[in-house]
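The two complexes that follow have chain A in common; it is paired with chain B in the first and with chain C in the second.
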Partner chain A sequence: MAFTRKPQVYSSSINEVTIGVGEKAVTFGGSNIMPLYTFDAPAKNKVAIGVEITDSGVDRTLPGIAAYYEGAETISEIAARAAEMPGADFVVLALNGADPNGDNRPVEECVEIAKQVADAIDVPLAIVGARNVEKDTALFTAISEALQGKNVLFVSAREEDYKTIAASAVMAYSNKISAESAVDINLAKQLNVLLSQMGIKPESYVMNVGAAAAGYGYDYVASTLDRVKDAALAQNDVMLQMPIITPVSQEAWAVKEAIVTEEDYPDWGDRETRGVDMEVCTAAAVIAGGSDAVILRHPQSVATISGLIADLM
Partner chain B sequence: MGKFVIIGERIHCISPIIKKAMEEMNPDPIIKRAKDQIAAGATYIDVNIGPAEKNGPELMKWAVQTIQEACDNVPLALDTANRAAIEAGISVYNRSKGKPIVNSADAGDRIENVDLAAANDAIVIALCSKAGVPADNDERMTYCQELLERGMNAGMDPEDMWFDPLFLVIKGMQDKQMDVLDFVGQLSDMGLNSTGGLSNVSNGTPKHIRPILDSATVAMAMCKGLTSAIMNPCDTRLVETIKAADIIKNNFLYADSFLEL
Partner chain C sequence: MFTLTFKVENQPLDIKCQVDAGENVLRAAQRAGIEIDAPCAGNGTCGKCRVRLISGALEMQPNPRLPYIDYEEMWRLACQSKVIGDAVVWVPATASAFKQDIATADLSSPEELARYEHAIQGIFSSGLSPSSSESCGIAIDIGTTTVAAALLDLKTCKVLSKASRGNGQIRYGADVINRIIQQMKPGGKERLQKAVREETIIPIMQTLLKDSGKSASDISRIVIAGNTTMEHLFIGADGDSIRLEPYVPEFLELTGVDANRAGLPVPPDSPVIFAPNVGSYVGGDITAGVLDTLMWNSDLMTLFIDLGTNGELVFGNSEYMLCCACSAGPAFEGGDISCGMRATTGAIDSVYINEDTLEPEYTLISGEKPLGLCGSGLIDIISELFRTGAVNSKGKFVRESPRIRYDEYGGNYIVAFASESGTGKDIELNEGDLDNFIRAKAAIFSAIRTMLKSLAMSVDDIDRVIIAGGIGSGINIEKAISIGMLPMIPTDKYSYIGNSSLTGACAMLLSDEAVEKVFDIGRNMTYIELSTEPGYMDEFLAACFLPHTDHRLFEQT
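Right after this comes the complex of A and B.
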């Protein structure tokens, strides 16, 4: 009997969320197929790649990054260079220095840096906070006001601070937010329910269901992504149809494989190569699992993953 | 599996308010009752116009359009013995939120309603009975097979045939309850969808007892694989039981606010 191909196309689809303005605005989500199953139906939007820079610039101890950003000294120059990275769709400013347990950069300074970055680029901007509830609330509120009209994405609102962040970033200044639930699928859904009960529209938020580098609990991330996509598409669960953004870089570059030096671990070889490998394999895995956007750091990772997306989508 | 499908039964000509509204073609009481049921958790709304021998087609068309226009094209179950009225209802039915349900066919006089559903790309509720209550599950299964064969010969997707095991009243037929539940299990094993008039089980029991018996029955039946019920969605205990059972069956992902969804 002849094989009859039956495309697995769902009647429900992932929401579309757009960040940025103008021609270079980027839209996440929108598809009604399993991740990368473009043989069933075309993907509505390709997976987007955000390039991460921080408030203190980039990590020039890595030769590949140092070479790419050579000559870019100010935060504006660094941001502009990141925006033109081949394969990049948007720029991500991670305010690591704002952490009260670290440099504790004041909110006003962070706002100034965010403004400079936003003015230097023509692609959309995402802001990653200090991962501190009180500081992030203050940061996101102030930056949201300063960048009103830029349609910025704030990563992330959590169970502890979603109310204030959603009220300021989305309701007051029409920006976008990401709801974070560290690999807790029930919390992921609950946060979406709470945001929707606040009156936040589906086109105004994405979710970050958590990330982990390969080998560091990635199996939990994989099962979470699978269950979310199954609920969103097969079970038409509207409270899980938000696009997913995964901050890969902060996980991939924080594990031992990406940190220890070649001097200490001569058998492991070049540190930068290891870091890129961690970043690439983690990103490829979350894309296969259903992430609609990834945040990456290294130009080589961006080149590899954008090539993968171009070939498979 | 998808979520349990609640078919709201409260638009029924046996209700004096609805009967009057249908006689006068007064939309307000009917729309209100549809909206109440949707807000309470109904996916489908059953529209029972009774035998409607005189003006069946006209009345069903009016009811379908009235409810769908007022309720964002909520999907409907068209419930009458008047076949012309069902066809008339389908002719004006908006499918954007789901196929119409023909309520109902059986293996006896009403088997032609299977053909009617097939011809109109509708879902059919197929009662596993011929005349009266089947004696046992063998008899139920015989009728199920007859109906299934009829539907498949007419080109129906078996998914669109929702088999009704006939829930029986506890007061008087207590010894048959587990048979009915076991039959639901047999339908489920065959990969078939099922539904039924749930409140039959508690007929004749005191008002405060009915939600308890209905809830226990639906939970036990869902465990056996029941996929839908024709019921009162405004019964909070019953709807909460179904939502909880959907969570336990992994039909719907848990979140703390699941009862509000």
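Right after this comes the complex of A and C.
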């Protein structure tokens, strides 16, 4: 008997969310197939890659990063270089220095940096906050106002601060936000419901259902992603049909494998290679699980993952 | 050494005690024999042990359970206050609420008596015959919060008198876990036993005898139904076996006890019968309660929910029964809620809120002025706050109104302003209360779902739901469904039967066959330990939302 192909195409699909403006605007989501199952039906949009830079530039202790950004000194130059990175779709500015428990960079300075970055690039911009409720609320509100019309994505709004962030970033200035929850399908859905109860439209937010570097509790991330996609597509749960963005870089580069030096762990080999490996395998895993966008730091990771996307989607 | 002076409201004499610097005021009070309720066992999480500093000084860190304005007015939480010098402290009468006689579901109203008589008739017409005797007996329901008892004429089956009282153990913690921890401390076994026997049950028995005109020598039989912990604490068995893995209690069935061994002042050879336990957290109150429901004699798939200080569920019919306990906590009896109280005088038992103005209308169980909210009032107010959009699905306040006051801990809804309340203070519900209540209702609903799932059944397979316990007959089923506490099935399938544990205990008093039946029920019930059930946590988190994360469970189809 001949083999009959039965494409697994769902009547429900993931929402589409667009960030940026003009030709280089990027749209996340939109597909009605299981992640990477492009043999069932074409994916509406490819998985997007954001390149992360921080308010204090990039980590030049890593030779690969130092080489790529060589000659780019100001934040504008660094941003412009990031935007040109082969395989990158958008630039992510992580305001790590704004953390009140760290450098506590004032809001006005952060706004200034965000403006310089936005002016230097022609691709969409995403802003990652300081992961502090009060500071993020102030930052996102001020940057929203300063970057009016740029259709920026703010990562992330959480249960503690979603109200103010959604009100200022989305309702007042028509930007986009990412709803972050801690690796639990129920918490992810609850935050989406709360945002929709505020009147936030589905095309205005994505979600970040939590991440972990491969080997650091990634099993929870995997099962959460699986369940979210199953609920969204197979069960038509509209409150879980938001595209997913996963900030991979901040997880992958924070684990021991990416931190300890070769002098201390000679058996482990080159530190940069290890970090790139962590970033690449974590990103590949979340893409296979259904992430519609990933945030990466290293040019080599971006090259590898964009190659993977080009081959599989 | 410093002198700490307690001025107790309505007591003529001051009580002075010598204490060391750094001594905890609650501990000092307890040592001095001053009764201050500490439902959270002194962890600073319930805010019930308020005392007022009249002179001198106490050291106390800010606590979310004590608003700043009250702190300014010199109110302190006794359990969070340390002695740093001589001080004079005023203890309000409400600090020992457990002493006041409280009327809950304990056969005190004509309606409840009628329900009792109907239930007894039902049990006898189900094939269990009464064992007639010339004397009298006492049935006692030992609840974690309330102890209720009835004195019965064993020949006529009539209730001659009834009484209830707060369980004296409450000052050692509101829940069974805290009580067990207290029991395992040196001298704890005797303290806990004394609190329930000498300070609670014996006074109740004296009231029963006085009101019925009987004497102790007329009593030939006693039946006690309590949860597993209460039975352990009463008889002096180690409670730790209940609290710790593998959660196997010291005993399930306690037999051969007489009044002498039980320490009860009736003829020493009178048998004291204990309703059997099924597991650590499903005890004699439930087996006795199941007898009352008659579900053991019916084909109807019955869900029996006992909403007491904890939630216990039984599901099944004459062929099989499953049971489980869920740690719902005392919220349904008003515990763990800043303005919560038991279903008694002054309790708000139903609430309606105007959608535009957010102004409330409420009714009281009895009395003139509101003192707080009981379980059914809490269900109503949360349902109404959600319906009017004052709170979101997470139980956080999202609207502005003169009725809603925001502080650093979130929103507060003022149900009754100080001017109209009987406490002289605003009666208000805060976000912490909403959190606690949402967790309690989620525990119930997720337990129902998990139990049904283990049978591959859904809520549509339930033929009827019988609710018992201290939540009160005022429970509004529609509103309980609207907040996702009870499954969405037609409301006519629900009924309320009051204190089923006490009614079951009465039936056991009247009939040896009923005793046999209860032991039978206990042995044949399948006990599910939810904490080891893999899907339970997931169900619970999904239920911690108004009405539920899966809204389809609560949509009209």
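Criterion: the second predicted complex is superposed on the first by the 313 of 313 C-alpha atoms of A that agree within 3 Å, B and C clash if a C-alpha of one lies under 4 Å from a C-alpha of the other, contacts with A are read in each partner's own complex, and residues count from 1 in each chain.
Methods note: a residue touches a chain if its C-beta (ideal position, glycine included) is under 8 Å from a C-beta of that chain, and two chains touch if they have at least 3 such contacts.
Only a predicted model underlies this, so the values are computations on that prediction, with no experimental measurement involved.
**Q** Answer with clash or fit: chain B and chain C placed together on chain A by superposition.
**A** Partners clash after overlay.
**Q** Quick one: classify A:Val193 as touching chain B (first), chain C (second), both or neither.
**A** In the superposition, A:Val193 contacts both chain B and chain C.
**Q** Just checking: does A:Asp184 make contact with chain B only, chain C only, both, or neither of them? Give me first, second, both or neither.
**A** Once the two structures are laid over each other on A, A:Asp184 reaches chain C alone.
**Q** Is A:Asn236 touching anything from chain B or chain C once the two structures are fitted on A? First, second, both or neither.
**A** First partner only.
**Q** Using the superposition on chain A described above, determine whether A:Asp103 touches chain B (first), chain C (second), both, or neither.
**A** In the superposed model, A:Asp103 contacts neither chain B nor chain C.
**Q** Once the shared chain is lined up, is A:Lys163 touching chain B (first), chain C (second), both, or neither of them?
**A** second
**Q** Which partner reaches more residues of chain A, chain B or chain C?
**A** Touching more of chain A: B.
**Q** Would you sort A:Asp226 into first (chain B), second (chain C), both or neither based on which partner it touches?
**A** Neither chain B nor chain C is touched by A:Asp226.
**Q** Which of 361-369, 487-495 or 505-513 in chain C clashes with chain B after superposition?
**A** Clashing stretch: 487-495.
**Q** Go through chain A and flag every residue that touches chain B in one model and chain C in the other.
**A** Touching chain B and chain C on chain A: residues 186-187, 189-190, 193-194, 197, 239.
**Q** Which chain C residues qualify as touching chain A in the complex?
**A** 392-394, 398, 538, 541-542, 544-545, 549, 551
**Q** What residues on chain A touch chain B, complex-wise?
**A** Against chain B, the touching part of chain A is residues 185-187, 189-190, 192-194, 197, 227, 231, 234-237, 239-240.
**Q** Which stretch or stretches of chain A touch chain C in the complex?
**A** Listed in rising order, the residues of chain A that touch chain C are 159, 163, 184, 186-187, 189-190, 193-194, 197, 239.
**Q** If you look only at chain B, which of its residues touch chain A in the complex?
**A** Within the complex, chain B contacts chain A at residues 2-3, 251-257, 260-261.
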